[in-house]
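Presented below are the structures under discussion, each in the form of structure tokens.
In the two assemblies presented below, chain A is common to both, partnered first by chain B and then by chain C.
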Partner chain A sequence: MTTPVLEIRNLHARIEEREILKGVNLVIPQGEVHAIMGRNGSGKSTLSYVLAGKEDYEVTEGEILLNGENILEMEPDERAAAGLFLAFQYPIEIPGVATMTFLKAAINAQRKARGEGELSTPDFMRAVKEAGAQLNVDSAMLKRPLNVGFSGGEKKRAEIMQMALLKPSLAVLDETDSGLDIDALQVVSKGVNALRDGKRSMLVITHYQRLLNHIVPDVVHVFSDGRIVESGDKDLALKLEAEGYANYGGEAA
Partner chain B sequence: MADYDIPTLKEEIDRETVEQVLALDVDKYKYGFETEIESDVLPPGLTEETVRFISAKKEEPEWMLEWRLDAFRRFQTLEEPNWAKLHYPKIDLQAISFYAAPKSFNGPKSLDEVDPELLKTYAKLGIPLKEQAILAGVQGAAESVGTPFGANVAVDAVFDSVSVVTTFREELAKVGIIFCSISEAVREHPELVKKYLGSVVPVSDNYYATLNSAVFTDGSFVYIPKGVRCPMELSTYFRINEKNTGQFERTLIIADDDSYVSYLEGCTAPMRDENQLHAAVVELVALDNAEIKYSTVQNWYPGDKDGKGGIYNFVTKRGDCRGVNSHISWTQVETGSAITWKYPSCILRGDGSRGEFYSIAISNGYQQVDSGTKMIHLGKNTSSRIISKGIAAGFSDNTYRGQVSAHAKAKNARNFTQCDSLLIGDKCGAHTVPYIESRNGTAVFEHEATTSKISDDQMFYCLQRGLNEEEAVALIVNGFVRDVLQHLPMEFMVETQKLISISLEGSVG
Partner chain C sequence: MVRPNFPVRLGAAEEALIAQLKSAGADQAAERVTVAGLPTRRVESYHYTDLKTLLRAVPPMGQPANQVDVPALAIAGSYNLTLINGAVFQQGEAPAGLKVGTVTGGVLTTRDDILVHVNNGLAREALSLDVASGAEQIVQIARRIEGEAAHVADAVKIFVGDGAKATIVETFTGSKAAHVGNHATYLALGKDAVVTHVTIDLSGRETSHFATNEYHLADGAKLRTLIVHAGAGLSRTHLFPRLGGAGAHADVTGLNLVSDGQHSDITMETSHAVAHTSSQPLFKSITRGHSKAVVQGKLIVARDAQKTDAKFMHQGLMLSDEAEVLSKPELEIYADDVVCGHGSTCGKLDEDSLFYLLSRGIPKAEAETMLVRGFIAELIDPIEDDALNEALQGIVDGWLLTGQ
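Let's turn to the complex of A and B:
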């Protein structure tokens, strides 16, 4: 069996003395898309931040292996170069930095970290054009400062476009459906599905089942009070949608 | 921490200066002296003999010597100002050598002899080898064709006290443009120099300008004739090379009616443990419908990480929009020097004239910056625009000090000021000190100021995309200064972006 892309073992993490993750166990084999569903406040975003290495969080127990390598000691940028990408629930504004400029800086920073040369401008432009077409990102949008004044849909499209360009081995999508109308949801989902190539793995975090009609997961996990409490196939999502999270304990959201 | 100081210091309000400028009669110097010269290098110290020595060394006419001596006498009555938010030990002028001619260009013989740290900086800036050699003062390098800014820029390079090379002069002369060292202009174009020197920054304008007037050693002179658009960017590259020397260059640019010129000024200095004094004066004169764009990238040695060494940069830059509908714009990128004291200003005298000031000032380590501008509205329908971006990191202090004033006749004067500060870390300071003074009811002045920090969320977002901390800070800072960056000529834009990264090295982590 090949090494799973992601393996989380008994992960405990806290922020400001408060334990949020209380023993997460999760294995995502290569090429699979797993969904995590859970009520608001159950710790889903915390899991994504801890995976990406946000410094406010303290991991008190457990391990995270990315392609077999323990990443807990790595800086966020090292994890990114190692193949981890996080599509943010609330993408951050970078005033004055054109989206195009940001994309180029990110790609070249990762290439540099991996000891590869800078992408030539024609190669970069070609890649941007390709990814942009897929996600309806036009050159006018690429000239605007990243996420500044972007609509909800534009922000999420920009996130997926970055994922398309950075080609991670593991993509964590945190509530990518939030703030999207049905048309935007379709565009974004199409973009995500185009990146399912049988090798890339994804962790799709969502509160609603709706997204999973568009991005159909291989495995669905139910997340409650800082841990995974049940796992199943895509039908588990439908069951959750019908019955709500009430059966899984914790306070009502 | 950031604060918003209430202006209290009257010295800064330069009504006095304006009156002096208005009253000035530049044609009053008739005396002269001759001095025997023995030596090429002047021992430290400032006396009347120093002034005579410099003047004689430059083979100046008598009127020029007398002009200097007048400045020297006035200088002796002045005290060093202390109103700026700057802290430094008293400068001992008697310990400084006021003239250091590069003895037949006594620079290094090849790049191998140049300070490797300096070369590293040049390399990071992407300056080609041949041009590095010119900048580093390698013997003979200046005579080869290269310039620091590419093919279509004419350069006058000033190393220590002497102007070394002026390229493209012949091409410029064809359209009647004079571009030469100020020393040469004094000898070859005395009528222009007499008419305009000191007409914007009067001899006794301030302590450092008066000192400069007495001992200025070289600098550039530009005259653009009526109706001529200068076909290329003109540039001066300043370089302090010798130990214990002060650099006192003097630049004078005159744009005659309906003319246009864009001028670039770049500066570097090697690393030294001691502090070195730099006190330049730049005067710009724009006549009817003329436009002058003056851009500076100042990258002088800021001192080491503990605050040792570095340049003390006390500069007086002022433009006079003397003609109707004339236009002067200052764009500056200040990343170097241990201390920066600098307020490039515009006197908006001609009706309908326009002044602009675009500034990026970055301080890191123990650097101190007190910089800004003055927009003095004298004529009707004059307008001015100020965009200042201050970035403070490390233990540095970064003050914007700006004055906007409208005089009684300045009907419909307009100013817009935007003044933004960005703090990196919590040991630095940013301060905004605006002086606004209107003696005309029709004047409209707008002022906006912000202070912000790079947020942890912004940093994390950039890191998640693979940028390391320094790359992330540089990118965010480049975004912060974008409004100003756009006003730089192409030649400086790329260099500036790299410079921002270099000057913020070590500001995080």
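Let's turn to the complex of A and C:
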């Protein structure tokens, strides 16, 4: 059996003395798309931040293996270079940093970390144009400072565009559907599906089943109070949508 | 200003100034220093920059020197002039539309400020520039203090004619010694003139750098200033923009780049003298190590200056815990139909922004540099001249690279 792209073993994490993740176990084999569904406040974003290496969280127990390599000791930029990508639930606006400058810095930093040469400017422009076309990210958006003044939908499209350019082996999408109208949802889903190539794995975090009609998962996990409490196929999402999260205990959101 | 009713105790720096002023025949200025001494924190405009404690010694007056070489910045198409220890050097013939000459004596309007008195008393030969009406000019003035530690008072007087467009860059550099530079710039803008005035202090750490800039704007004139402090151990620029014609607008901006052991102060007093003028003073300070950045901004709106629109802003970015960023806004408004305000913010690099950049694979040092550049983009982006814009970015990058 090939090494899974992601393996999380008994992961516990806390922030400011408060335990949020309480023993997460999860294996995502190569090429599979797994969904995590759970009520607000159950710890889904926390899981995504801990995966990406945000400093505020303290991992007290457990392991995270990315392509077989323990990443807990790695800095966020090293994790990215190792193939991890997080599409933020709330992408950060950074005034004064041009989107194009940012994209080029990110691509070249990852290439450098992997011992590859810098992308030439024409190759970079071509790649951006291609990824932009697919996600309706036009040149006017690219000329603006990073995420500044982007609508909710524009921010999410820009996140997926970054993912298309950075070509991670594991993409974590945190509530990529939130704030999207149905048209934007289709554009984003199409962009995500285009990146499913049988090798790249994805962890799709969502609160609503709706997204999973567009990005059809191989496995659905129910997340409650800091851990996975049930796993099943895509029909589990439909069941959740019908019955709500009430059967899974924890505090009401 | 609080006036002492007893003689102030004079220190070595003041004694030296008085002797220099007397031997220059500037008896009135010498008298001012004798009576008032160097400003202490009780003088409002020097509240955070107490010169009595910060300026302990004043070296002998600078002697004429004549080494002229390349300008500090490479700016395509600029006409270059140099002032070394106060003496004017003209390189090559001035382009059409620009008249270069000298005038004797000080250039600053007399006001209750010791550094102004000293400059007017000591500046012998001021560089004078006349940009003809309708002309377009890029001028670079390198002001240098060379040789052994010296006290230099130099002055520049610039007239930009009606409808003319000028970019004027002044750099302050020199030998590494405990110089005291007292620099004056008088800049008058004719009707509808458009001027960008950039001054950059790149002098050595041992140097104390003082500059006083006076601006006069006629109807419809547009001024953009950018004051950059990136050199001297003690630096202070005092700005006096005066909007004297309807439709005049001033973007008065400045940047304190302050490292360990440095003290950097930009103080502004903008006068809106007539109706329908506007100004947008925007200052930023970046501090690291044990250092101090000061920005004081005063907006004075005369009684008849209705419809004035002015907002003063100072933003600080602290890259260390030991640094201090100080702000003092002041509004003195005598008109009733105006929109005036002030604000200030101060903080560290935003953790969430940093994490976002890291999460895309950008290493920490590079991500921090990107955020710092982003912080000051608002000041540098509006500088239209590409070469100047690039040179400014280079100065900031250089400052970031030298660490500490």
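Quick notes
One rule holds in what follows: the second predicted complex is superposed on the first by the 253 of 253 C-alpha atoms of A that agree within 3 Å, B and C clash if a C-alpha of one lies under 4 Å from a C-alpha of the other, contacts with A are read in each partner's own complex, and residues count from 1 in each chain.
In this section, a residue touches a chain if its C-beta (ideal position, glycine included) is under 8 Å from a C-beta of that chain, and two chains touch if they have at least 3 such contacts.
All of these numbers come straight from a predicted model, not from anything done at the bench.
Superposition note: with chain A as the common reference, chain B and chain C are in steric clash. In the superposition on chain A, A:G62 contacts neither chain B nor chain C. Legend: residue contacts after superposition of the two complexes on their common chain; A:P76 is shown touching both chain B and chain C.
In the superposition on chain A, contact of A:P29 is made with neither chain B nor chain C.
Residues common to the contacts of chain A with chain B and with chain C across the two structures: 52-56, 75-77, 79-81, 85-86, 88, 91-92, 94-97, 101-102, 105-106, 109-110, 113, 145, 162, 166.
On the chain A side of its complex with chain B, the touching residues are 52-56, 75-77, 79-81, 85-86, 88, 91-97, 101-102, 105-107, 109-110, 113, 145, 162, 166. Interface residues of chain C facing chain A in the complex, by the touch rule stated above, are 351-353, 355-364, 366-367, 370-371, 373-378. Taken together, the chain A residues at the contact with chain C in this complex read 52-56, 75-77, 79-81, 85-86, 88, 91-92, 94-97, 101-102, 105-106, 109-110, 113, 145, 162, 166.
The part of chain B that touches chain A in the complex is made up of residues 455-458, 460-469, 471, 475-476, 478-483.
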